[in-house]
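Heads up, the next two complexes both have chain A, just with different partners, chain B and then chain C.
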Partner chain A sequence: MDPSIFFQHLLNGVTLGSLYAFIAVGLTIIYGITRIINFAHGRFYMLGAYITYIFLQIIGLHYFIALPLTILTLFIIGYLFDVIVLRKIRERGYVVTTVITLCVGLIIGNLVKAIWGRIDLMMHTFLTKSVTIGPITTYAQRLFSIPVILVTFWILHYFLFNTKTGNAMRAYSQNQELCIAVGVDTNRILTFSIALSASLAGLGAAVIAPLFRIFPDVGGLPINKAYVIICMGGFGNVKGALLCAFIIGITESVLAGYFFPSYRDLFGFALAIIVFLIRPQGIFGTKVGFEW
Partner chain B sequence: MSIDKNTKLIVIAVVILAVIGIGYWALRPKPIADDEEPIADDVEPIADDVGPTGAPIKIGMFVDTTGTAATQGLRMVSAARMALEIVNEEGGVLGRPLELIARDTASDALTAIAAMRRLVEVDRVHILNGPHWSSCCLPCLPVSDELGIPWINTASTHRKLGESGGVGGNRWFFHTKLIDYWFFSSYLDILVNEVGAKTFIGVFRNDDWGHQCRDIISDYLTQYGGELIEDVYFEPGETNYMPILTRIKDLKPDGIIPVGPTVDFVRQWSELGLSDDIPLFWRSFTFFEWRRLLGEEILEGIWGVDQYTAVIDTSENRAFVNEFYNRYGVYPTANDGLVYEGVHLMAQAIEEAGSTDPDAIHDALENIEFLSPLTGWTITFDEYHNGSGLIQIYNVQDGEPLMLYSTNTDEITLG
Partner chain C sequence: MNILSRKRIISVSGWILYAIIIFIAPIFLGDYLRHTMIMFLFYISFVVSYSILVGHAGMFSLGQQMFIGFGAYATAFLTTQYTNITNILITIPMAAIFGGFLAYLMSFILLKLPPRPFSMVTLAFNFFIRQFWNLDPLKFTGGALGIKPIYPPTIEIPGLLYIEIGRLGMYYQAAIMSILMLIFYHLLTTSRFGVAIRAIKENEILAENMGINIIWYKRRTWIICGALAAIAGNFYGYYLGVITPYVFLWYRNTYLLTMAYLGGITMIEGCILGPFIYVVLAEFMRVTEEFRIVIFSAILLITILFFPEGIGGKVKDIYKKIRSKGDL
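Then we have the complex of A and B:
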């Protein structure tokens, strides 16, 4: 076995895992705190890709300026999504909220198609250049995703465990009534959670989308994988989502690369079924709620 | 007057959304980049006078406007509209305007059949065009006999389509896109015997078309002394080809034959540094559109074969490419050009038929000699209703697409 090929497959898997992680962690945060399965979440990733493109290719900003601006824009979009839509229907139950998020996702998708048409776009950053490090030749952009995801989730962990808002988010997911009773501003917590998860999708898009073509249905397959990942990791469990994202990404890339390149998606989904058969609550799932 | 909190919120949200919408609209991709030079400097203006009157002659187009192939499908509709506009501005057909009615096939065979039926039975079209993918086209063949309307396909290339029309049993089915035998017959001969590549890995879309391309390639390679050492399939809509390309890097073939992947494949091939060692022998050639997306450098050394490409150097083609880009912000692909050509062909057939009677159009098509407005090639149909066409092989050298070989269906015999 050529070690350079193995490391290349591994890197492919880590990048794919990063993409899944950015989407899945946002999704699991929303579910863990608000109990909503947000079917519009994949569209946040798509919006993030288009918004990065606008900042980078049309306005001509430097990538490192475009990146935080994308995160900020998605944070605002997530905030508006909650204030305008979700806040009004939060008490209407699971079915209504799920259907509404699905509708919002379709509206966003169609709006993008109406504005941009079906034109394929491609981003070019100063990192979309091949570099050779030891046995691996790849775009620097792909390598860049690794420190970004490590730093992002370290910051997220720090935020959730060491800040007042983070503690309130965790507390709310564990006991909503008690939080209300002690005066936690629940609307603020819920809105912030959704804005945070949208901004994670935006960050994922800004980091990963330059590696791929941008089109209105981008993010379709990753969001499907992200649903499987949050089930595998345990609903609402950030650590589970993070770990499973990388397990699926690496499994798909390595096994497909070595054995059955035509059946990449088979491995991830088969692995998920095996996990569900052994641990229906997911690898880290202990109860339904938000956990790290 | 007091405004409640909810109303305030809604007003603020509407204002913010309006600002975002306007900004987004203003910042959307412009049809022509400032630094982009038009391809043609001798664009002929489209005639101003609008002549045709009376009931329109309806062209029914069933193509993917949603689904996996929607990007290509919508471009084909745009190309058809452009051709239709030109025909109408030149006086229409039989003094009547042409009208295009497009129905969605959603990249799905059953939806394609439903769309085809609806066009004939509800919309009452006089002639049909579509669909894009062979896997949608093949199941429509038996339905076309029942519907009894001339149908010209300009995009599908499955080998079964080459023996289906005319004496093959489907009276109404004509197609101008060459079946894959024609492309691979010449292409693989040149790759093996002149370029010197012997071992190949084929990367195929996982559908009827991809699988039959695999069989054709394998047969021809064996015949010419080459070998298909591995065949790999990807699902329609795939964007991540890294596992496949990394495997190819490991297997080190003399070349890759991609059949149907998206432009992501080219970029990831370049990302892995394969461009120096393992060339791409693409089964199509979309130079301008790839250059728009990827830049010039990445395309260096790529090979491609196609029937129509935007790089064909005739003044009419340059004018078409330039106009297409000005209108839609993208360059035409082979299917766009062939649809554009196809609408002109339909117009001529109806004109020669002298009426919209299906039998008369059918007979006119069987005897037509249609001079392509883009390539200058004259299209005729054989007894299986296969249109004659060009087969051109390109290689990108020093950033420019060079046509290295050009032949046509009259010059070669399929082995």
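Then we have the complex of A and C:
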């Protein structure tokens, strides 16, 4: 067995895993804090990819300026999504919230499809060129995703445990009445958590989307995996989502690379079914909603 | 309760009128409208299973679409690949058994979960099934090309009866199926079983304390709804004549949601009204698929925001208000 090929597959798996992680962690944060399953989350990723494309190719900014601008734009989109859509239906039960996020997601997705057309786009950053490190030859963009995800989740962890807003978010997910009683502005917390999740999806799009084509359904497959990942990791559990994202990404990449190239998408779902058989509530699943 | 009360006479005669209209309609319809009517009748049979599952039992599944696929694939296996059975007296029970058996297997995972994870895991199953059927690792589903052709249905009793069901016969097959489904729906939801599942939906802990075995009821509801949807899928397979893994696409569940919620998800009238409005709207909106999805999503959004009980529920409310004013 050639080790360089193995490392190549491993690197691809890590990239895929970080793509899933960016989406699944945002989804699991929304679920853990607001108890809403956000079926419009895949559209955040799609919008992130298109906005990165606009900043990079149409306006012609440098990649490191386009990256924070994309995150900021998605933060605003997430904020508006909460203010316009979710804030009014939060108390209406999970069927209503599920159906409405599903509808909003379909409306956004299909409007983009109708306006932009079903054209495949590619974007070029200064990182989309091949580099050779030892035995591995790969895109610099792929390597770039690894420090980004490490830094992002370190910052996220710091934010959730060491700042006032982060603590309030965790407190809200554990006991809502008590949280209101001690004077936490719940609307602000909920809006912020959704905007944060949206900007995570935007960051994922800005980092990973230059590797692949961009088309209106670009968020479709990753978001399907992300739903399965948050089921696998335990609902609302960030650590579980992060771990499962990388497990699924690496499993898919390595197994597909060595054995059955066309069965790539089946492995992730099959792994999830096996996990459900052993632990239906997920690997780290508990009764408490939101956890690191 | 008086068996000949005025209310009951009106409702029974209404249903009989509905059945008569359904049965004489194809005489006046051309090919195209007949096709539309067939789809309408098929949607009724499908919405019935979803209405029991979501409206009465409160099990919010997002993967009900897959049972249509199971029913259609069971039919396809029987008619084409291994045997050559087109007899609906065999294929309908086999489709129901196939759908019910897979529902039974899934129930071991699903019933341990609280409501939100339940709907997510049904969705996860749907994704898995779609990929499994599409990639076909065990070489029995025909892969992405699907299975074709599925021969037209027949009714056979050896030595006694042999009928080939043609294009017009398919209409009556759909009509009879939908009416039997509606009768089943009525019997189930007015029985002790229906009361029990509604009790579980309203308050699970209280229901358990009243001596209702929650897992027993939920498992049976899930299996029954799977089998009913598979029976509708049996017709779907016959009618299309070809079945591909596209049937498992998860966003098709939104069409189902639209139909179920438009009509009113807890009412038997809603099972007819929802598909009817859906079919009429779909006929007027033969635009590109993108705009169709946008419009249906907008309709579903407005329905669920402003009339959570559906249009049927709203009409019933208005009717009750008028009646009560008249009495005063």
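FYI, the second predicted complex is superposed on the first by the 291 of 292 C-alpha atoms of A that agree within 3 Å, B and C clash if a C-alpha of one lies under 4 Å from a C-alpha of the other, contacts with A are read in each partner's own complex, and residues count from 1 in each chain.
The rule is simple: a residue touches a chain if its C-beta (ideal position, glycine included) is under 8 Å from a C-beta of that chain, and two chains touch if they have at least 3 such contacts.
No experiment lies behind these values; they were computed from the predicted model shown.
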* Asked: Do chain B and chain C fit side by side on chain A after the overlay, or clash?
  -> fit
* Who does A:270 touch here: chain B (first), chain C (second), both, or neither? -> second
* **Angle at the Cα centre of chain A, taken between the Cα centres of chain B and chain C once the superposition is applied, in steps of 10 degrees** => 70
* To do: Classify the contacts of A:65 with the two partner chains as first (chain B alone), second (chain C alone), both, or neither.
  => neither
* To do: Return first, second, both or neither, reflecting whether A:280 touches chain B, chain C, both chains, or no partner chain.
  => second
* If you stack the two complexes on chain A, which partner ends up touching A:150: first (chain B), second (chain C), both, or neither? -> neither
* Asked: Between chain B (first) and chain C (second), which does A:133 come into contact with in this model arrangement: first, second, both, or neither?
  -> neither
* To do: May I ask you to decide whether A:262 touches chain B, chain C, both, or neither, giving the answer as first, second, both or neither?
  => both
* A:99 contacts which: chain B (first), chain C (second), both, neither? -> second
* Asked: Is A:182 contacted by the first partner chain B, the second partner chain C, both or neither?
  -> neither
* **Gap in Å between nearest CA atoms once chain C and chain B share a frame through chain A** => 5
* Structure fact -> chain A contact set shared between chain B and chain C covers 262, 265
* Residue numbers on chain C that touch chain A, as the complex places them -> 54, 60, 62, 108-110, 112-113, 115-117, 119-121, 123-125, 127-128, 131-132, 135, 137, 250-251, 254, 257, 261, 288, 290-291, 293-294, 297-298, 300-301, 304-305, 308
* Asked: Within the complex, which stretch of chain A touches chain C?
  -> 31, 35, 37, 89, 94-96, 98-100, 102-104, 106-107, 110-111, 113-114, 224, 227-228, 230-231, 235, 260, 262-263, 265-266, 269-270, 272-273, 276-277, 280-282
* Asked: Given the complex with chain B, which residues does chain A contribute to the contact?
  -> 2, 5, 8-9, 12, 15-16, 54, 58-59, 80, 83-84, 115-122, 124, 130, 132, 137-139, 142, 211-213, 215, 217-218, 220-221, 252-253, 256-258, 261-262, 264-265
* If you look only at chain B, which of its residues touch chain A in the complex? -> 9-10, 13, 16-17, 24-25, 27-29, 70-71, 74-75, 206, 232-235, 237, 239-240, 242-244, 246-247, 249-250, 262-264, 267, 270-273, 293-295, 328-330
